[in-house]
Amino acid sequence: MQSGDSQLRKRLFQIIFESDTPQAKAFDIVLITLILVSVGIVFLDSVPGLHARYGRIFYFIEWAFTLIFTLELALRLYCLDRPLRYLRSFYGVLDLLAILPTWLALFIPGAQSLLVVRVLRVLRVFRVLRLMEFVGEGRMLVEALQRSQRKILLFLTTILLIITIFGALIYMIEPPEAGFTSMPRAMYWAIVTLTTVGYGDIAPVTPLGQFISAVMMILGYSIIAVPTGVFSAEVIRSIQRERYSDEACPGCGHEGHERGAKYCRFCGTWLDEETEDPNAPSSETSDTTSESPEAHEKGD
Amino acid sequence: MQSGDSQLRKRLFQIIFESDTPQAKAFDIVLITLILVSVGIVFLDSVPGLHARYGRIFYFIEWAFTLIFTLELALRLYCLDRPLRYLRSFYGVLDLLAILPTWLALFIPGAQSLLVVRVLRVLRVFRVLRLMEFVGEGRMLVEALQRSQRKILLFLTTILLIITIFGALIYMIEPPEAGFTSMPRAMYWAIVTLTTVGYGDIAPVTPLGQFISAVMMILGYSIIAVPTGVFSAEVIRSIQRERYSDEACPGCGHEGHERGAKYCRFCGTWLDEETEDPNAPSSETSDTTSESPEAHEKGD
Amino acid sequence: MQSGDSQLRKRLFQIIFESDTPQAKAFDIVLITLILVSVGIVFLDSVPGLHARYGRIFYFIEWAFTLIFTLELALRLYCLDRPLRYLRSFYGVLDLLAILPTWLALFIPGAQSLLVVRVLRVLRVFRVLRLMEFVGEGRMLVEALQRSQRKILLFLTTILLIITIFGALIYMIEPPEAGFTSMPRAMYWAIVTLTTVGYGDIAPVTPLGQFISAVMMILGYSIIAVPTGVFSAEVIRSIQRERYSDEACPGCGHEGHERGAKYCRFCGTWLDEETEDPNAPSSETSDTTSESPEAHEKGD
Amino acid sequence: MQSGDSQLRKRLFQIIFESDTPQAKAFDIVLITLILVSVGIVFLDSVPGLHARYGRIFYFIEWAFTLIFTLELALRLYCLDRPLRYLRSFYGVLDLLAILPTWLALFIPGAQSLLVVRVLRVLRVFRVLRLMEFVGEGRMLVEALQRSQRKILLFLTTILLIITIFGALIYMIEPPEAGFTSMPRAMYWAIVTLTTVGYGDIAPVTPLGQFISAVMMILGYSIIAVPTGVFSAEVIRSIQRERYSDEACPGCGHEGHERGAKYCRFCGTWLDEETEDPNAPSSETSDTTSESPEAHEKGD
């Protein structure tokens, strides 16, 4: 009995947490569909017209999803050895956030405004993607981002300084009637302008303010080249790195040989250990045979 | 008679479907002009003022184009062996869409609102471009896009997650009076903001909402570096690949030699088959002649 | 006298058309200043408040500039052998456009609305820049643009097709009250949206229209990667090309050697013809001396 | 006493101006926090609602900061040998600007509108960042910017010419009622449009004006590829340059060897001075030993 339970937990673990059996893949697909549909219901329920007409139906569907996700979480916890540890992990918190709002809204009346939190269910999509090889693809992007991290941080700091100073400038110049009623609002305008979003809800009205805006727009328009250039360079470096294997030469220990290269470019050692060097024996033999007889002939 | 008919179909095929004879080129140019003019007429006819004044003239011109395009389609089908198969192909459907709306509007009164479908005629321009070498130029771009396909898909998924979560956030924070009346509208706003379009038809009014918008703008402004970097890297890889010929080494069969390279970098075989290897014969001969006579002299 | 006249014309030509003597440089700087100030006056004169108060002063300044530019053009024509040919050239037309509007406004009353044409004077700045080495700097950019010309044309064609089809779609979906009163207006909206400008003067109001806009925004936001990637790749290629000299190897005629390289990477010939190959004599000598004595000894 | 004073100044200098002792680092962190909080107070104080309620508290906090910064400046001047020279330097002026507005507002009533100048305190953050290694990271970015300087200047000049000419065009075409009341305003619109900001506070209303805007938008949307491409290329060049060491060859003095290279590519000298050249002694010895005995044998 104990053994059967342990076997069941093992099988459940393979289906729920892994992704290499057909059942596990089917589970992933069903889960990702349920997540997307449940988020879609949250969306539709937020439209006043639809809520008024189909509110009750949405309510029942929502409960169905909550029960399914609760069951799923229960199964996850059942087949883990340390269920509490999982609940404190990133994905455990996401699983809780997916069902808590609905349960809380049942017991606490004021919690209904938190129903929007259910949208965070979409983040669970990442778990499924992570299992599939799809996200492995993105590792290169993440690595390129990590390598350009400090440069991008420096870029963002510069952006924030530009925004602060231009925001203060425009706050001094423009009258409050134009919408620049406080420094934070002026900074909001500066961000809207520098990032070329340009809502137009606040816009300068004085000639000097418009001149400063113009300078800022051209700055924002040109400066985008900086993160783009940095990140492009890093992606190119990643792609070029892929061209080189990280195996060491058996002769001299050097790494970074081009994939498919046959000889070490530092010491000439044959790199492909699984096959034999076609030149090595023949040339050595010929060298020896061409010299040895000569020596023997001399000895005669 | 049968033979003359078959010959006529052959010639028509060359003119209509191919692009290498002067007549075929003339046909392409006439067709591309007719397509653009007919789409232009659809445009002008949609302007209320012009429709009121020149509506009748547009109507007759439109029928002239429809008759010409119908005749063109009939000729296309006539010179093909499997006309029905063509009609189900991509270009066949486009040809039908180019004439169907006008014909349908004649018989079915309600179909007039579908006249806009005639704009899809512009897609037929692609067929002509495909024939000319012009689109061949774009193959490198398409290949670079295909290679970066998965990374760009991952980028779009991330974008959609950001939009969903920020949309939900702003929906909770902003009052409905600001325009955030439902979650889909909040998501529409999030897309308008993240892509730096910034219509301003919906804009946050609370300080917290404006702060979240500001974060989103800077995110959208910076994150554009990702697809740009990925695609730049792929285009650069394509261009560098052009530097390498795809001819195989006659010695070991390896491909990917740098254009202009003389010796295979894997087995040392002379690559340029049209000329002789300057080192091969002279060095071998000199080696043999300098050793053999020596040996012979010793033998004496 | 004739000779003095010819000498004067020669000196004038050097000052006005060339840029390598101190006087010519001074002339360039004075000219560029006059052009920018005269355009500034056109700008200020277009502001209603300033025109009302300082209109007369602007009028006199404008005439002063026109007389100066007329004198300059006269001098240019005087020192050229074929003055009429110059007048038909690009810069000749620009010189005429710089003075014609003011002269015409004197004789023809209606021509006053053409005074704005004087703004085209800024284009004359290019002539001065062209003389200075500054524009030579930009040749690499122009070359990179030319090489990516066809790809960028293909990109623009694709953009136009997307705009046409999305414009037609939104025209069918959105009511005219939202501003989509005709197909050209819908296309204008499509351009405003795809390029992420987003005025917001026309914006979709139906949910379906907003969904299509959202798709278009994400498309426009991502597709910018294409011209950026193509152009980046071309600039990188240009920079890498700079690293290689275009001088041919004296031994085998191959071009494309890295600047500073000493030996041809194809045939090993010493590339720097001004100095001697330090290895060549010593190695040859040592080879000969080590073999010859041996042979001589054997002969003994 | 004099010696104690000199020692105190030395220690103060290390803490205040340098960044390598624990005390100096603590000082940096305290200073950066004070700067950010004081700028935050300026921000909050500018919000009318907060100013009305907490104005007095903000006033006292502000004075506290001013006194702290004044003390800091006094200490800085105390531990320097040439305090006046420091006051005229960039950072000295920033230090003065950080405290002057508050002091001036005490004595001169009208100076209160200059309180916004206190926002410039954020620039002092740069000093601290410069001390930490953080900004050293950005040197590569600055170098890449400097190398692309002329190209970016040329780009900006082109942008300004496009803006001037399109601004003049739209000014002629659009009626003043649409907002194009003067040429400077038309240029402001042109900048808003070309940089894809698109406030929508001024927008064309005539079909021709909208057509010209559309051309301009597509231009602005595509032309961003130019600075991005130039800067990307320069960053890539910088990264590739990192691959090369700047140590000189001990044989011929050439620099720019690839990191990890063993032999100078110009003269063949062994580069890695810490280890021995594996080929040099062994091959020479073997050559000599294999030949010498032979010669000796012959001599026998």
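Think of it as A, B, C and D in the order they're written, each chain with its own count starting at 1.
Just so it is clear, contacts are C-beta pairs under 8 Å (C-beta built on N, C-alpha and C of every residue); 3 or more make two chains touch, one makes a residue touch a chain.
The structure displayed is predicted, hence computed values, not measured ones.
Path length between subunit B and subunit D in the chain contact graph, taken as the least number of steps between touching chains: 1. Rounded to the nearest 5, the angle that brings the Cα atoms of subunit C onto subunit D is 90°. For A-D, the equivalent interface among the listed pairs A-C, C-D or B-D is C-D, as over half of the contact pairs agree by residue number. Taken over every residue number at the interface, the positions common to subunit A and subunit B amount to under half, indicating a different-residue contact.
Computed centre separation for the pair subunit B/subunit C is 28 angstrom, with centres defined by C-alpha atoms. Our note on geometry: subunit A versus subunit C, Cα centroid distance of 40 Å, whole angstroms.
For subunit C, residues that reach two or more other chains under the stated contact definition are 155, 184, 187, 196-200, 220, 224, 228, 230, 232-234, 236, 298. Touching subunit C in their complex are the following residues of subunit D: 150-151, 154-155, 157, 161, 164-165, 167-168, 171-172, 181-184, 187, 193, 196-200, 203, 207, 210-211, 213-214, 217-218, 220-222, 224-226, 228-230, 232-234, 236-237, 266-267, 291, 295, 298.
Only residues 196-200, 228, 232 of subunit C touch subunit A when the two sit together in their complex. Those residues of subunit B that touch subunit C in the complex are listed here as 39, 42-43, 46-48, 113, 116-117, 119-120, 122-123, 125-126, 129, 134-135, 137-138, 140-141, 144, 152, 155-156, 159, 184-185, 187-188, 191-192, 194-201, 220, 224, 227-228, 230-236, 238-239, 260, 262, 278, 294, 297.
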